[in-house]
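See the structures that follow.
The same chain A turns up in both complexes below, where it pairs with chain B and then with chain C.
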Partner chain A sequence: MSSHVPSVSRPSSWPSSIVFVGIALVLAALPLAAGAGNYFLGLLISALILAGISLAWALLGNLGGMVSFGHAAFFGVGSYASALLSAKLGLPVLLSVPLAGVIAVGASLLMIPALRLSGPYFALAILAYSQIFRILATELSWLTGGAAGFQAIPQLPTVLGLDLASRSGSYVLLVVVVALCALVYALVRRSLVGTALRAIADSEDATRVVGVNSMLLKAWMLALSAFITGVFGALNAHIIGFLEPDYAFSGVWSVLPIIAAIFGGYRTTFGPIGGAVIIYLFDQVVAKSIIAVGHQILLGFLLAAMILLAPNGLLGLAERFLKGRRDAEA
Partner chain B sequence: MLEIRHLRSGYGRVTVLWDVSLTFREGTLTTIVGPNGAGKTTLLKTLAGLIPYEGDIRLGGEPLRGKAWDLAERGIILVPEGRMVFRDMSVEENLSLGAYPRRCRAAFASNLERVYSLFPRLKERHGQLAGSLSGGEAQMLAIGRGLMSMPRILLIDEPSLGLAPVIVKEVFDIIRRLKEEAITIVLVEQNTHIAVGVADDVHLMRSGRVLLSEPAANVDLDRLHDLYLAREAQSA
Partner chain C sequence: MIRKSIVSLSLALAMAVGTAAASAEELLIGAHMPLTGSLARSGQTFTEGMQIAVRQFNERSDKYKFKVEVIDDESTPAKAVSAVEKLVNDGAVAVIGGYGSNIIGPASAASNNLGKVYITAGAVSDELTARGLKTFFRINNNAGYQRGVENLVAELKPSAVSIIASTREAPALLAKGLEQSLAEKGVKVTVHSFDPAITDFKPIINKVKLRDKADMIVMSAYENDYVGIIRAAKVLKPDVKLIVGVWSLATPKMYSEFPDLMNNVVGTSFVPFPVEVNDPEGKRFADLYREVYNKDIEYLATLSFVETTILLEAISRAAEAGTLDKGGLPDEMRKTDRQTLLGRVKFDETGDNPFFSLSMGQHRDGKIVLVSPQANANGSIVYPGLPW
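Here is the complex of A and B:
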C-alpha cells in the first residue's frame, strides 16, 4: 500500500465500529445494571422500537437511495398482522412476529412499481400508498375491530425463564432484536451487493453497464426494510396490547424515524439507533416538561440545529472527532 | 462470433439504427467509425442490452436476448463513452464492481492483479476517489472495470474522447495488448487514424446505416475520410 496517496476511509471500518459496538453494549446494559424503574424502562422500550424503524428507514435511504414517507404502512401492517395471527388463529407470538414481518414484505411488494420513481416522486408515492392500509384497517372492522380498536392481543411469552412481557424482559428482547437488525444491515452493506447499492446511488446507468440489476436490488432493500419495520410493529403491538388504525398507521411512525435517522446520521449503522434513543428521550423527558402540548415542535428545532451544525448527524460528528484525535496523535 | 442481422433500434419513437447487419469475428478487433449521430454509440448500447431492438443478434450461433445484466453474465461488456465511473467510490471499489457478475467473483483477486499490472497508475491510486482522477486515468479505470468482468466481447465507446494525444496513445497501447490476448473487441472511435491502425475489420457508419465494410489492411484513409464527410460535401 503506497502511503502518500490520500486514501478514502471506507464507511464503518472495523476499528471504529468495534468502538461503537462496545459503547452501545455498555449503554444497553446500563439501565438494567442501574436497576431503572419501570417507567424509565418503558420509555427505553418505546425508544428501541423507534430505533428499529429508524434503522429500517435508513437502510432503505442509505443503501437503496430511496426516501420513504410511508414506513407507517409497514409498521401498521406488522402490528395488525401479528395481533390477528396470534389472537384469532392462536399462533404462538414468537411465530406470529416474524410472520408479521413477512406480511409487511408482502405489503411492500405492492410498492414495486413505484421503484421506477426516484427522489421526491418515490417519497410521495409511498406516502399516498401508506394511507391505503390505514383505510383498510378502519373499514375491515369484522377483522380488525375497525376504528374502535383491537384489544386482547396476546402478550409476549416467557422464554428460558425470562418473562418477555415484563418491562425488563421486553427491554432485553428489543436490545437483542435491534442488535440483530444492525448486524444484518452492516453485513449487507459490507458485501458486494452493498457496494453495488452505493454505486446505484452514484450512477444508476453505470451500474447497469457492470451488470447490476438495480431494480432487483432496490426491491430487495425495500423488502428488507419492510420486514424489519413489520417486526417492530408486531413487537410493539404485543407490548402495548392494544391497536387502533389511527395509532398503528399514525404518521408519527413515518416522521419520527426520519428525524431520528437524520439526527443520528442516516448513512451510518449506529446513527439511527442512537438518534432514536436520544430523540425519543429528549421528546418525552425534556420537551414534554417544557411544553406539555405540542412538544414535538422542539424536535423540529433540534433537527434543524443538527442539520446546520453537523449535516452527517451525531455519529458523523463523533467519527470526525475520533478521527481528529487519531490524526493529532499520528 | 457475434452476428447482427437487420438490427433496428433507437430511443422510443426515434429510430437511430436502420437495418444494420454486421459480423464480428472472434478474437479480432473491429473498429466502427463515422461522424456524430451515425448511431455508433446506439449500436454498442444495443449490443450491451441497454436499448430494446428489433432484428437478430447471435453469439456463437445462439440468439442473444436479455437485459444488460444478463448480457454481462454472458460476457458482453461495455466500456461506456465519457467513462461513467462511480465518482464517489474509490478506484478499487469501482474495479470490484466490475467483478459483480457471478461468474467473475471467484477470480476477483487474480483479475485485480492483472488490471493493476496493465494499469500501474490505478494501483498507485487504488484508494483514491474515482471522481478525483484525471480524464486519462478515469478512462483506464473504465477499461479496467470492463476487464474485471472477464469480457468475451468488449465494447469500447470512444476511448480517446477528450484525452491528450500522449494519453490516447497510452490507451491504445493497452487496447492493442488486449487484442493480443484474443479478446473480441468492438471499438467505436472518431479518431480514424489510430482506430484503423489497431483494427482487423473496419466499418463506416453514417445516419444509422453501414456504408463501408473492409478489412483494415485494405482501408484507404483518404477514401474513408471522403465517405465520412460525404454528406457535408453534398450539402455544401
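Here is the complex of A and C:
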C-alpha cells in the first residue's frame, strides 16, 4: 500500500549514479553504432527535446514543489530569442542558443510574484503567463513575422568536422546537452540547497521556520528551469527551421513534458529523460504501426496503466522490482 | 481446328495482357496529412482527392502504376519531417505535403535535402517560395484567393469594407494583402483582427455596425470563425449588403450544417453545386469520387486531385525519359503547363503557380451559384443579399 504513495526519494549514491550514467551513454551511442537512418534519428531528436523540457519541469516540481503548466512560455521565448539573435543580429548559433536560455531566464523573472502562490494557484498563474508571450509573438509582427511565421532561421553549424545540422550531428549535440542538464540537476539535488528545496516541496512553512529563504531558492530553481527549457526551445528552432506563435508557444510543450516526467518518475533525475524517450518512441514507432490514425489512444492506455500500477513512474517501478529481489535474496 | 485456333488465340491474348500488366512499373509516392486533431477533416478530404487521382491515373496508364503511402503528421512540424524521412526511406519518389505553412516549411526543406520533389496545396505563405528550394512546388497561393475577392469587390463597388481576420498565418496574410489592394482602389477598409481563441464576435460586429458603416464584411478566417461571425451578425444585424468569406465556406457541407446562417453568403469556389463539370477529366473525377465516397467533390479534394495528377504525370514523363533516378523530376515538374479543374497550372522558377485564381460562389437555398468573375459565372449575384 505504502509503495503506491509518492514519496520524496533520497538521491541515490554516487556509484549507482555512475552505473546509471554509463548505461545511459551506451544506450545513447547505440543508434549511431547501429547506423540508424535519418527517420529514427529524427524521432530520437524530437524525444530528446521533450526529455530536456521534462527534466526542467521535474526540476521545478521536485526542487521547490512548483507545478508548472506554462513551460511553453520559456520554450517559445528561447525559440524566438535564438532565432532572432542569429538571423537578425548575425550572432553565431552556438552563442545564440545559451543566450536564448538567458533571455528565457529574464522572462521567468516576471513570474517571481507568482512564487508566493502555491499548488493550483501557481499552476494557473504560469498557464496564463504563457499565453501572454504567445500573443506578444503574434502582435510584434515587425520582429517575429507574426502569425505568418519566421523561416529564415540559421541551421546549426559544423564543429570539429561534425555537421550539427545533420541528423547524426543534431542527435549527438542533444545527447550532450541533455546529459549536461541532468548533471547540473543531479548536482543541485545533492547540494545543501537541494536538500532545502526538497524540504520546501514537503512543507514550505516548516522550512521557513528554520530560517530557509524559500522565495529566493524557488526563484533560483525557476530561473534554472527556464534556462534549460529556453535552450531546448532554441535548439528545436534551429533544427526545425521554422517558427510561428501557435507552434512555439503550443500547449503541447507544457503538457507532454509533464506526462513524460510522471511516466518516467519525476522524483528522479533520469526518470523524465527515460520517460520522454520511451513515450515518444512508443507513440511514434509502436502505437503508430498498430493504429496508423488515432494511435494516441494506445499511449493513453499505457499512461493510465502506468499511473495505476506505478505512481512513482518507471524508475520507481524498477526500484520496487530490485528491492523485491534483494529482499527475496536476503 | 477452329476450336483449337480460338483457344490458342485466347491463350496468346491472355499472355499478352498478363505480360503488359506484369511489365507495368510500380512507383510509390508518399504523403503526410493531418489525419488526427483539429485539421483532421481537411487532411481526410485531401487524402480522398489524392486517392482518386491515383486511381484515375492508374486506370489510364499501362506502363506506370502508382501506390500512395500516407502518414499522419498530427499537425506537428517534427512529425512531418519524420514522415518525409520515412516515406523517402520506404522508396517514395516524391512527397505530397499536408496543411499549414508551419508544417510545409520544415517538411519541404527535409524533402529538398533528400533530393525529392515536394508538392503542396495546403500552404500559402510567400516565404515558402522565397527560399529558393529547387524541389518545392505548390499549385495555390495567397495571391489567388486575394484575386477572387478583389474581382468581386471590383464588380460590386462597395464604398466601405470591413475585414474580420483571424491572426492565424494564412488569414492574416490574406487580410493584409486585401487591405492594401482595396485601399489602393479607393475603398475604405477597416481590419478587425481577432485571436483564434475568440468565439464571441458581437463586439467586433458592433464596431462594424456603429463605426465602420461598411457595405460588405469580408471574413478571412476558418469554418468555426465564419459560423461565429455570421451568428453574431444575425443577432446585431449591421447595415451591410453582403457577407463574404474565402476557403471552406461556399461548400455544400456548410449549408447542410448551418442552413440558417449560409443563405446568400459568398465564398471562394471552383465549381458550382450541384456539381457541373464539363471536361472529361473533371467529370470522371466527380463520378469516381461520388462512387467511392458517396458524396460530391469539394474544394480541398479538388485541390488535392489536381496536385496529385500533375505530380503523377511529371513522374511518368521523367521515368519515360530515364531521368527519374537522376534528379530529373524537378525539371519535368517545371515543364507542366496544362488546364485543370482549377484553371491553368504552370510553375515559375520558385515553384509557385502564378495562374492560380478562384471564382466566388454564393449559397442559394442549398445550391452554390458561381457569381464572380463574370467570365466564370453561371448565375447573377443576389446583392444586397444577407442570411437574415
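The rule is simple: the second predicted complex is superposed on the first by the 304 of 330 C-alpha atoms of A that agree within 3 Å, B and C clash if a C-alpha of one lies under 4 Å from a C-alpha of the other, contacts with A are read in each partner's own complex, and residues count from 1 in each chain.
Please note the rule applied: a contact is a pair of C-beta atoms (placed from the backbone, for glycine too) under 8 Å apart; a residue touches a chain by one contact, two chains touch by 3 or more.
This structure is a prediction, so every number in the text was calculated from the model and none was measured.
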Legend entry - Which of chain B and chain C A:G251 touches, first, second, both or neither: neither
Inset, instruction - Could you tell me if A:G211 is touching chain B, chain C, both of them or neither one (first, second, both, neither)? - result: first
Legend entry - Touching partner for A:A196 - first (chain B), second (chain C), both, neither: first
Inset, instruction - Check whether A:Q296 is in contact with chain B, with chain C, with both or with neither, and answer first, second, both or neither. - result: second
Inset, instruction - Please work out whether A:S46 is in contact with chain B alone, chain C alone, both, or neither, and reply first, second, both or neither. - result: second
Inset, instruction - Could you say whether A:A148 touches chain B, chain C, both of them, or neither, answering first, second, both or neither? - result: second
Legend entry - Touch count on chain A, higher of chain B and chain C: C
Inset, instruction - May I ask you to decide whether A:Q284 touches chain B, chain C, both, or neither, giving the answer as first, second, both or neither? - result: second
Legend entry - Partner chain A, residues of chain C touching it in the complex: 35-36, 71-72, 76-79, 81-82, 85-86, 89, 101-102, 105-106, 109, 114, 125, 127-128, 131, 167-169, 171-173, 195-196
Legend entry - Complex contact set, residues of chain A against chain B: 1-2, 5-8, 10, 192, 195-196, 198-199, 201-203, 205-213
Legend entry - For the chain A and chain C complex, residues of the former touching the latter: 37-39, 42-43, 45-46, 49, 135, 138, 145-149, 151-152, 236, 240-242, 244, 246-247, 252, 284, 288, 292-296
Legend entry - Residues of chain B defined as touching chain A within the complex: 48, 50, 67-69, 71-73, 77-78, 80, 84-90, 93, 96-101, 105, 124-129, 145, 149
